[in-house]
C-alpha cells in the first residue's frame, strides 16, 4: 500500500561541509550536542575496532532473509554516503559480504549500518570497509521481495531520513537530521573545546565535585558522609 | 536409557582430501555450497579474530556445569579433528581452559566448537588453539555425570554426527555431513571461481543490477523509481 | 530509608600484600581457589583484550541514566583501588567516559567494573584504563539522583563490600572478600603450582583419564565403549 | 537542541470513523492491509489476554527511570486516544501504575503502549485498562528530566506520529499513519471478507495447495515428492 | 544440494498405542524416562495454559519470513500428528494463524510446535488448537522459497525425525524417537507410580533427606550444620 | 573454602507481626517504602497470576543442574517461610516440581523464589503453591554437589539474608532486611493511605500536573507548549 517498492532518486543530502565538520567528533559528542538524542541502540557494534566515519544516509528497507534491495541501493550511492539498512522484522542473517562491499566502495560509500547480520568480515576488515551490525553470520539471503530505497526507516531504534548525517565510531552510531547538521557541528565544537580544559584539570587531580561545583547541590539533596 | 554413557571409538571420518579442500573456503561459501544449510547459530563467536579451521568432528555431550566427558573425548581425538561440544541445557560455564587445550592440541585437535563457555582465553590465544563458543566465563565445572562421546549431537542449532566436517572462521561455523564432503568442496570451488570474476567487475563500478540482470525482474515485481 | 545518599569514607581495604599476590593470578584461578565462588556474570566484558588488574573495591550505587555519584566516588579513590559500579535497575547507558577516566586514573584507580555501559572506549584504550562493562554505549547520563558510595552492592550478580579485592582479566571478574584475601592468594598459588606440572604432562600426550585416574570411576558410573 | 521539552497541543488525529472501522480488525489483518508494515516489535506483550483496542496516538518521549512527562501527557489525552510511550534508552522500570491509569482512563484513554515496564498489573487488569509493555516491573521512577509530548517517536521499532491510529490485540501492536486510516480500513475489510470464505473451505479439508493453486509453482520451483 | 525441496510422503510413525500411553504423562516425566534427554529449549511456550498433547511428528523446514512449506506440510498430516516446524535461521515472524490452524485441524493435527512466531492466538485458543512457539507476532510471511517436509530437523535445540513422538504441556516439549516410544512409556509409568507414593509421604511432612536416605551421603560430602 | 557445604540452623527471622503487616502491600509499594531499593530483577515472573505472599526467607545456594540442597533446605523451613534459591551460574533447568512443593508446603512454606527454572506448573497451580522463577523448564536435575542453606545469597540481583522478608506479587519480588521490616511496613502504610486520596482525585479528572503542583517546575525546567 505505501512505501514498499519505491526508490527515491533525488534526495536532499546534508551539507557536505557540515558533514565534514561532524567527522571530527565522536558519536558520544555528537549525541550530546543533539541534546542527548539520535543514537541507535548499543547492540549495533563495529566489525573491527577503530573505524570512525561520517557520511550522508542512503536508506534501504529489507525483508528478513532477503537482500535484493541492497543491489538497488548500490546505484543510489554517491561519494560520501553511508548506507543504512533496516529490516521489517528481527533477523540476524548475513545480508552483506565482500562482493557488495566492493560494489558499495566503488560507488563511494564510506560504510554500512545494518540492523541485521553481515559476513565476510575478514575481507571487509582487509578492505577497510567498516560495518556496524547487530550480528555476524555466514547465513546467506535470497532475492525475492521488494523493499524500498531512500524512504524513511527505523534502524536500531532511530529514525533515519535519506540524506541525514550518520556519525559512527567505536562507541556507536548517531543520526543527525540533515537540517540540523551545521548547528550540531557547531555545538559539538563548543562541547569539545570545553572538554579539553576539563581533561587537563582532571589529569592533575581536580575533582568533578569541585570543577562542577557539586558539593552544595549534593548536600542539599541530602548526601551524608559517614566516617 | 539411550545415548548417555556411551563412547563410540570407531567413527567414519570424512575423507581427508575433501576436508583439506574445504579448508580453503570460508564458512559462508561452504554454507552456500550446501544449499544454504548446515550453519550453527551466530551466537557462537571465535575467541580471537582470524582463526580458520577445517577438521573432522569428535562430538561430546555434556551436562550443565560438568566437563567430565571432555577428558573422555580427548582420548578419541586424532590428528585433524575438531571437537564439537554440546550441552543438555543452556549453560555459560567455562568447560574448557588451557590444560584441556594443551591435551587436545597434543592429541592433534585443530580447535573446539562449544555451545557453552570457555576460559583461559589469553592462554588459548597464545597457544593458537581456536575456540568458537557462546560465552567466555571463568566459572569452573565439576566431574560428576556421564554424557557421551561421538554420538550425534545438536550444537548451536545444528546436527553434528561424529566424523562430519567442521569449517569455522570469523563468520561462523558450518557442518558438512561426511558423505557430502567432496561434492560440497567441488561446489564451493565453483562458487569461489565465479566470485573472483564478479569482484573484479564490482570493483570498477559495475552494478549488481546489471551484472545479475535484475532490472527487468524488479520492474516486473513492481519497483518504482521516483525523482 | 536506608543506604541511599550515603558516602562511607573510612573503609577497611584488603591487605595490600595479599592484593599484590592475587594480581599474579587469573580470575579463573582465583575463583577456583575460593571454592568456585565469587564470580560476576559473564556478560561483563573488558573493553580491550589483555587487561589484567587486581585492586581494592570502591563501590558506587547508581540509578539508571544518572552518573552523579561517580563524581562523589572519585574523591574516595586511593592508589590501588578498582571502582565497582552497580545500578538499581538494568541500564546500558554510557555512565563513564574519558573525562571521568582521567579523574579516576589521576586518583590512583586501576580500572572500573560497571554493570551498565561505558563510552569513549578508543580514548580509554589509549589511556590504558581498563573497564569491564555489560555494554558500550555513547548514550550520556544526567546528574539528578542520589545513590551511595562504599555501601555493599550487587554488581553483575556478585556481592561486593567496599575494600574487597577485585581480580579482573579476559576471562571475567571475581570478588574476594577482604578477610579471605591472603588465604585465597595462598590457595591460588598452590593451585597454579599444580597446574604447571599437569600442563607439561598434557603437552606430551598424557590423558586426563590417566593423570586424574578417572577410568575406574567412569566405568563404575557405567561408561561403555563401543567399537 | 530539538524536540526535548516540547508539548504539541494541537495534533491532527486520524478520522474517528476510520478508527472505529479499524477497531473491527486484529493487528495481523491491519498489518497485512498496510502491505505488511507498521508493526511494533513482538517483545511488546499485553498485561492480560483478550484486550483489543484501536485509538489515536498521544505520544510521549521519556528518559530512562523518569516518568515526569507521563503527567504532562495526561492533559493532552482526549476520548479515544491511546498513549504511546517511548524511552530514549532501553529501560525496564515500571513507569506506569494504577494512579496514572486512573488519570488516563478518566481523561478518555483506551490503553497504553510503552516500550518499557509497567506495574500494578493486578489493579490495571481489574480496571480494564490494557497496557502493552516490554516488561512488568515494580521498580518506580523519578520526575527530573524533560522529555516531550506529541512529537514523532520510535516505539518498539515503529515510527509513531501523534494522531496516528494504534490497533493492539493479543498478537501485537500496529501503527497506521493517520492519512492512511480509511484506505487501510477498506483494505482490511476486503481481506477479512476473503478470509471467511477460505476458512470455510479449510474447515472441510480443502488444502491450501489447491485453494491457492500452488502445486504448479512448487513443482516449477523444484519440489520433489519421495515415497 | 541436499534436503531442500523434498517432501517425504511415507514416514514411519511411532506405534499409536505407545503414543496414546505417552499422552498420559507430562513432558517432565517423559524426559526423565528418556534418561533426561530429548527436551526442546524452554523458550518454547504454549499460547494458552493447560494444553497437553501427544502425537507423531510431521516435520517442516522453513526459511525466515516464508511459510510456503506449511501448506505443503498440511497435505502430509494424518489424524494424531503434531506438526514440528523448524526455521533455517532465527526468526520471530508469525508463520501460522487461524486459517492454517483450521486446515491442520481438519486434517487431524493435534497441535503445532514452531521455533518461530505464531499469530491469531485468540482464534487458536477459541479453536482449542494448541501451539508451542518462541514468539507471538502479527508479522506475516511470504511464499517464495522451498524448504522440505518430513526430513530430519532441529527444532529449539532438539533433533526431530518424522514420525517421532512429541509430548507437550505447560512445562515444555519433549521428543521421543519412534523406536523408543514403548519403552519410554513403560519407564514413565514406573516413574509415575513411584511418585504417587512419595507424594503421599511428602504431604505428611516426611523429608526427602529421609525418604531418599541422603543424610549419610551429605555428611560424607562434607555438609556441616551450624547453630 | 567458605560458604559452601554449610547449613545455618538458627536464623533470625524478621518479626512476624511486621511480616504480616507487609503482606497487606504490593511489591511496588514496599519497594517505594524502602527508598526504591530491594527489588529483584523483573525477569522473575510468577507461574500463575494473582499470587501474593509475604514471608521470611530460607535461602539456598545451588549449582547449575543440581537440586540436592533443596532437600536440605526443606528441613529448615518453618511456618511462614518463603524459600529463596540462588544458583552459582545462569541455569534454566527445572530444579523444583510438585514433589518438592508438596514437601515445602507440608513444612509451612508459602512459596518459592528461584533464579532458575521450575516444572510441574500445572500441579503447582492446582496446589496453590506460588513460584516466581526466571524460566519454566521440564529439564530435571541431579544430586551431586554441595551448596549451602541460610547463607547470604544474591538472587536475581538482590542480596538476601536468611530471615529477611520477601514480598512477592504480580509485579515482582522485593526483599526487606529483617531489621527494617517494621519501619518499612509503617512507611508502606503511610504511602498507601496517601494513594487512596490521590486515586479518588485522578478518577474525577484532576491532573497530576495540578495535584502534584508540577506546572511551575516544568516551566522552570524549560517545557514549552506549542499549538
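Quick notes
All chains are identified by letter, namely A, B, C, D, E and F, in their written order; residue positions are counted from 1 within each chain.
By our rule, a contact is a pair of C-beta atoms (placed from the backbone, for glycine too) under 8 Å apart; a residue touches a chain by one contact, two chains touch by 3 or more.
In this text the structure is predicted, and so the values were computed from the model without any measurement.
Common neighbours of chain B and chain C (chains touching each): A, F. For A-E, the matching interface among the pairs D-F, B-F or B-C, defined by over half of the contact pairs being the same residue numbers, is B-F.
Among the pairs A-D and C-D, the greater number of C-beta contacts is found at A-D.
Taking each chain's centre as the average of its CA atoms, chain A and chain F sit 41 Å apart.
One finds 31 Å separating the Cα centroids of chain D and chain E. Separation between the centroids of chain B and chain E, computed from CA atoms only, is 27 Å. In chain A, the residues touching two or more other chains are 36, 39, 88-90, 92, 137, 139. Contacts between chains form some other arrangement here, matching none of path, ring, star or all-to-all.
Touching chain pairs in this entry, ordered by label, are A-B, A-C, A-D, A-E, B-C, B-E, B-F, C-D, C-F, D-E, D-F, E-F.
Of all the residues in chain B, the ones that touch chain A in their complex are 26-28, 31-32, 36, 39, 42, 45, 49-50, 169-172, 174, 195, 198-199, 202-209, 212, 214, 218, 221-227. Only residues 63-66, 88-93, 137, 139, 142, 144-145 of chain E touch chain A when the two sit together in their complex.
Chain A makes touch with chain D in their complex at residues 1-4, 33-37, 39, 41, 88-90, 152, 154, 157-159, 177, 180, 183-184, 187. Contacts from chain C toward chain A in the complex involve residues 5-10, 68, 70-72, 74-75, 92, 94, 97-100, 102-103, 106-107, 117, 119-122, 135-140, 143, 146.
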